[in-house]
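A, B and C are the chain letters, set down in written order, and residue numbers restart from 1 in every chain.
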Amino acid sequence: MQNSFFQKTDLIQIETSPYSFHMITSKLDFWLREIGASEGLLTLLVKHTSASLTIQENADPTVRDDLLTILDELAPETRDYRHNMEGPDDMPAHIKTMLTNTTLSIPVVDGKMDLGTWQGVYLIEHRAHRMNRSIRLFFAGTDA
Amino acid sequence: MQNSFFQKTDLIQIETSPYSFHMITSKLDFWLREIGASEGLLTLLVKHTSASLTIQENADPTVRDDLLTILDELAPETRDYRHNMEGPDDMPAHIKTMLTNTTLSIPVVDGKMDLGTWQGVYLIEHRAHRMNRSIRLFFAGTDA
Amino acid sequence: MQNSFFQKTDLIQIETSPYSFHMITSKLDFWLREIGASEGLLTLLVKHTSASLTIQENADPTVRDDLLTILDELAPETRDYRHNMEGPDDMPAHIKTMLTNTTLSIPVVDGKMDLGTWQGVYLIEHRAHRMNRSIRLFFAGTDA
């Protein structure tokens, strides 16, 4: 390595809307620029069990509509659950979290996440409410 | 970085019960303490294709009951599979593994995994038998 | 650490067949040997939203047949989707990607990925066509 190795961590907050995909790609690339990251690995962890992370199609918004529909069918709010004290949307939210991702690790090349043209990083809000979600960011790699 | 960078790896064994969630959070934080980890990234890999990993709600046990029910509905043992030589629980176990996680990477801050209050790390046993499962641990980061 | 720490990244191309699992284990271990990796973490990211990654059973091919069948049932091409401009196989491919993995991080021990005996790393092609898929490889760790 020509450049020097470092690691850096931070906590970001995202205010969500009910049942929705929140694109966080540019926020993450901004943070990488801010800390002077050049090449390395960016890891995200959403610190909740009723919201999750995914890398998905970033162009046509109807893709996310269909993804939300499918998640709702896989974990419908209308069925009976043993865990039902926190509202009909809570247990489905845990299931949707289990079927998607709580953590993601993304290679960083030339100061940016090395995503494909049609890929975006999304926080998915599975609850029926507007929520404040915390995501831990962790970068390890070389500086610019 | 003020502290010195190191990496450390180990293999742990978990004895499971049939169809169940096994919380391994404290075992992992104990290992991080033991190796003197301060800040970095902990990666887990379960070395099996019929058990898996997830980060889930650590409070109400009925959440895990519901998660097991849903996994059973997504991959029922009562349907026909082409792969059926290893018992009716084997192919469903592979499916449940595919839909959850074989590896997890978790940021470590101040010597502990930076999980949310309600998050725990679980090994999920998908087979109908008591099994011995191996999990590879790998930490890279700074010492205390 | 006795050996010296380094990181290395590369992009590989895989030509796929429609609806299929492509084992890439030996290609990855070959790359690790080529770059002189000893101990560390290998991260993969498939740069597409209609193909994905998984670690699965590497012995009986009917396991992968059953996995493809289940993925098709979870996201059937015969149902209506709002996103339908790119053919009936496109939206199901996004769903299958969301339910499996876009990234994987795998501990490397003694120069090889530390997988279990029955584990293989697979690229899953979810489209109905032969495609050229790019996978970003990123290793950080010690040299041999």
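To be clear about the criterion, a residue touches a chain if its C-beta (ideal position, glycine included) is under 8 Å from a C-beta of that chain, and two chains touch if they have at least 3 such contacts.
As the structure is a computational prediction, the values presented were derived from the model and not from experiment.
Could you check if the interface between copies chain A and chain B is built from the same residues on both sides, meaning over half shared, or from different ones?
Looking at both copies, the contact residues mostly diverge.
To the nearest 5 degrees, please report the angle of the rotation taking chain B's Cα atoms onto chain C.
So the angle, rounded to a multiple of 5, is 120 degrees.
Can you check how far apart chain A and chain B are, centre to centre, with Cα atoms defining each centre and the answer in Å?
So the centroids are 20 Å from each other.
Give the residues of chain C that touch two or more other chains, as numbers and ranges in rising order.
Chain C, residues with two or more chain partners: 5, 41, 74, 99, 101, 105, 140.
Which residues, counting only chain C, touch chain B once they are in their complex?
Its residues touching chain B are 1, 5, 39-41, 54-57, 60, 62-63, 65-67, 70, 74, 99-101, 104-107, 109, 114-116, 118-119, 140-142.
Could you list, by residue number, the parts of chain B that touch chain C in their complex?
Answer in residue numbers: 5-7, 9, 41, 43, 45, 47-49, 74-75, 81-83, 85, 91, 94-95, 97-99, 101-103, 105, 134, 136-138, 140.
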